[in-house]
Amino acid sequence: MFYGVALQSRLMLGTAQYPSPAVLRAAIAASGTQVITVSLRREGPEGARFREIVAGSGCRILPNTAGCHSAREAVTTARMARELFGTNWIKLEVIGHADTLQPDPFALVEAARILCAEGFEVFPYTTEDLVLGERLVEAGCRVLMPWGAPIGSGQGLRNVEGLRAMRAHFPDVPLVIDAGIGTPSDAARAMEMGFDAVLLNTAVARAGNPVAMARAFARAVEAGRLGFEAGLMPRRDMARPSTPVFGMAELG
Amino acid sequence: MFYGVALQSRLMLGTAQYPSPAVLRAAIAASGTQVITVSLRREGPEGARFREIVAGSGCRILPNTAGCHSAREAVTTARMARELFGTNWIKLEVIGHADTLQPDPFALVEAARILCAEGFEVFPYTTEDLVLGERLVEAGCRVLMPWGAPIGSGQGLRNVEGLRAMRAHFPDVPLVIDAGIGTPSDAARAMEMGFDAVLLNTAVARAGNPVAMARAFARAVEAGRLGFEAGLMPRRDMARPSTPVFGMAELG
Amino acid sequence: MFYGVALQSRLMLGTAQYPSPAVLRAAIAASGTQVITVSLRREGPEGARFREIVAGSGCRILPNTAGCHSAREAVTTARMARELFGTNWIKLEVIGHADTLQPDPFALVEAARILCAEGFEVFPYTTEDLVLGERLVEAGCRVLMPWGAPIGSGQGLRNVEGLRAMRAHFPDVPLVIDAGIGTPSDAARAMEMGFDAVLLNTAVARAGNPVAMARAFARAVEAGRLGFEAGLMPRRDMARPSTPVFGMAELG
Amino acid sequence: MFYGVALQSRLMLGTAQYPSPAVLRAAIAASGTQVITVSLRREGPEGARFREIVAGSGCRILPNTAGCHSAREAVTTARMARELFGTNWIKLEVIGHADTLQPDPFALVEAARILCAEGFEVFPYTTEDLVLGERLVEAGCRVLMPWGAPIGSGQGLRNVEGLRAMRAHFPDVPLVIDAGIGTPSDAARAMEMGFDAVLLNTAVARAGNPVAMARAFARAVEAGRLGFEAGLMPRRDMARPSTPVFGMAELG
């Protein structure tokens, strides 16, 4: 449940960097996603075409504040997004670093406080920092979106122990791995660790075949979630036979 | 193509260790597999029940020589299996070690030579050793089944670089990761690396819910294969923005 | 150079958890360290004995604010430490979490600002967060001490990519890996990555033989630093022969 | 004890690929090694110069059969080496693959049998394969030299679990990690895992500064061994404070 909304699909999809609008549309369909993130900052004729696709997708829109580097800028962008898209949902990105696109913990909390107070339902793009996570929850966030790795890096889950600690620390807060996912197996692993959903963009948009890759991630997210719910086997240091022996070959 | 047989599903399933025959039957169905491995060594009333399930599954049978510790024993077991199951297919296991269930490279090649000469279509359970793989191919094997990790360990792919080298070294030999897979994400990763299929048993049979886990692995294998075919994004050290910016928020 | 002080040894040592004062003294000597951290909070007869060892070690004292959970508490503790130990150096710990001992980014910056303004030379125990690091530098810190992993966990460097990014981002700030180091090889690796020093405690104090382990870490830190300066060989995907062949065996 | 010889240094050094004879000589001295491997195949004037350095090093010579691709070739080379260097020690390399320099398990056992029967004291370059290891021991080898990774790759220990299993399986056989070591921390880790020594070449010879790197590895091997003997702290999932608190700051 993300702010009271139940979703069938646990895959959320970004909409940037696709080779063409047609591919974007097809990838959204293939992914089975119900939530797509969109940047406010699409202007001109291309922007119109883009918004048409978004509207036609049947997905819930999660506008984002990508490209914002201060709380003020992010808040202003969020307000514009609410007006334009008619939703209280906002994916809050406040980037502290142009090179790694790391969130700015300080500006993030500041912007989250303002937006939550204004009735926004905030999905903050954050790190695996537990204290930062707590501050965001205190600010009113009911979902957290920790990164797997820097945006666009495809490094997967680069601090697995830190993410495990985060999952354990916030058992009741929906947690979405956002950014860094590079492969379907990365996404499956995140789900096996008990995360509630995965948001990705580059790994699909920049795949050789984005539509097929969207389908791959859809399956991977399902696989990981099913595996998590089904109860993974324990990992063993010592091997045991998986084919017990009920008889003996007759040796001539 | 495995010895001329084209399969829709790239997941092969073992049949040992299930909590009950009913669960085994349901897990086979949920997995979508077309190939199940069975041990010859099932005797008595339970054995009859077991063979009934196997026959009713609609799957192709891949008998195995699990529990054999010498070439002679494995060859004898393979011959009995051919008679009993009416197939030339044989999953050749010759175990050198009770504790790790590591293949015995020497006995494996010896048994493979004999069996190939007798018209068997041999699926050897092997390590990632390139020279051993070559010997098996020279012996007549047209498929290789390298381990991911020791049988039943659930350690996943414990020598990723070695397995990559093996995939690169045998571009035209169907390679099936057999043993060690613990999680759906392990299976997806094996497929992303270009392996042709995955064979597993414990990870499903010993899951909290084997039927749901069988479904999870079916999705994971599809996800990994689709991802491999779709072309994974390159991994980057430096992050790049995945949401390009087309405009600027108006700051009051 | 740490606040203008050049050190011969790049190993800093904590003084808690040793089995006895004698072992502590011997471990300090064996480590070759020139900087030891001490907690203010040692009272009573044991405290006197402890301070005697510290004074007799010949090491520079780096008092810490271990156990502080707010900026106010840390600042007060730092002031008391300055009085007691007669040094402006302070290892600033503000713990956000009892269970993981993760730094509190917000209180850390707040306390660092106050202490730097009061003339302290602050060594902040921080995470690998780049933005947090920048704020600490802006506050006046001339050294940063990122964690390898949670205090006392012995997990080593659990976010290697994040730490690499931090090293690259602060080329001119002395960076000391503080906490999480479990093994000599962990310490060597940190040094190979270009970190300026390593601070550890549990891995020595809780070793089977703390004195021998102190010696091990001394060697490891030297090894890693020498390796870093000597220029590590590039890692290769493809192997190459390390013994080139200048002749041929005569085969009879 | 390696064939009855006790060594002070647990670092063995190869002698190929150095930028100059002078650097080789200095690196040997800096490493503190007592065993150097040399290839028979050095002919001509350079060969004479090389043998002079080797003789002057004061080290025990461990001739190797590098570049041999069959048992017969290796055996012939070993015999020539015994004559030339006047030692029964032989590092037995039989390479199955030009690209990865992987040992050929079959030819290796064959050659080991012949050489042990002829009174050689064989140090076989092998994989982490347990069955292969047993065959070599049965053939008369009293030392095993498993690879960390392919020769010259600098990948470190690429199958840590497999190497751990090998160490556990051969508690009484001296095991030397040979090949693949890229960094001092790799060497330290091998020693922490309980291996008896490390043999390396490329990581020193191809370092920016080979002499300094030789010193780095000397320290690293000592560090790892000391750490192993001193008893490494247990790794914990949950962090614990390393600075226990004996008092409380007075908050004004």
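By letter and in written order, the chains are A, B, C and D; residue numbering begins at 1 in each of them.
Note that contacts are C-beta pairs under 8 Å (C-beta built on N, C-alpha and C of every residue); 3 or more make two chains touch, one makes a residue touch a chain.
None of the values given here were measured: they were computed from a predicted structure.
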Practice item. Name, by label, each chain that touches both members of the pair chain A and chain D. Key: B, C
Exercise for review: Pick same or different for copies chain C and chain D, depending on whether their interface residues overlap by over half.
Suggested key: same
Revision key, fill the gap. Note: chain C sits from chain B at a C-alpha centroid distance in Å of 46
Exercise for review: Between chain A and chain B, tell me the centre distance in angstrom, where each centre is the average of that chain's C-alpha atoms.
Suggested key: 31
Revision key, fill the gap. Chain A and chain C have mean C-alpha positions lying a whole-number Å distance apart equal to 34
Review point. Touching two or more other chains, which residues of chain B qualify?
Key: 99-100, 149-150, 155, 161, 237
Review point. Mind pulling up the chain B residues that touch chain A in the complex?
Key: 14, 16-17, 37, 39-44, 46-47, 64, 66-68, 72-73, 76-77, 80, 93, 99-101, 149-155, 179, 182-186, 188-189, 192, 201-203, 205-210, 212-213, 215-220, 222-224, 226-227, 229-252
Check your understanding: Which of the residues in chain D end up touching chain B in this complex?
Key -> 96-97, 99-100, 102-106, 109, 127, 129-132, 134-135, 149-150, 155, 158-162, 165, 169
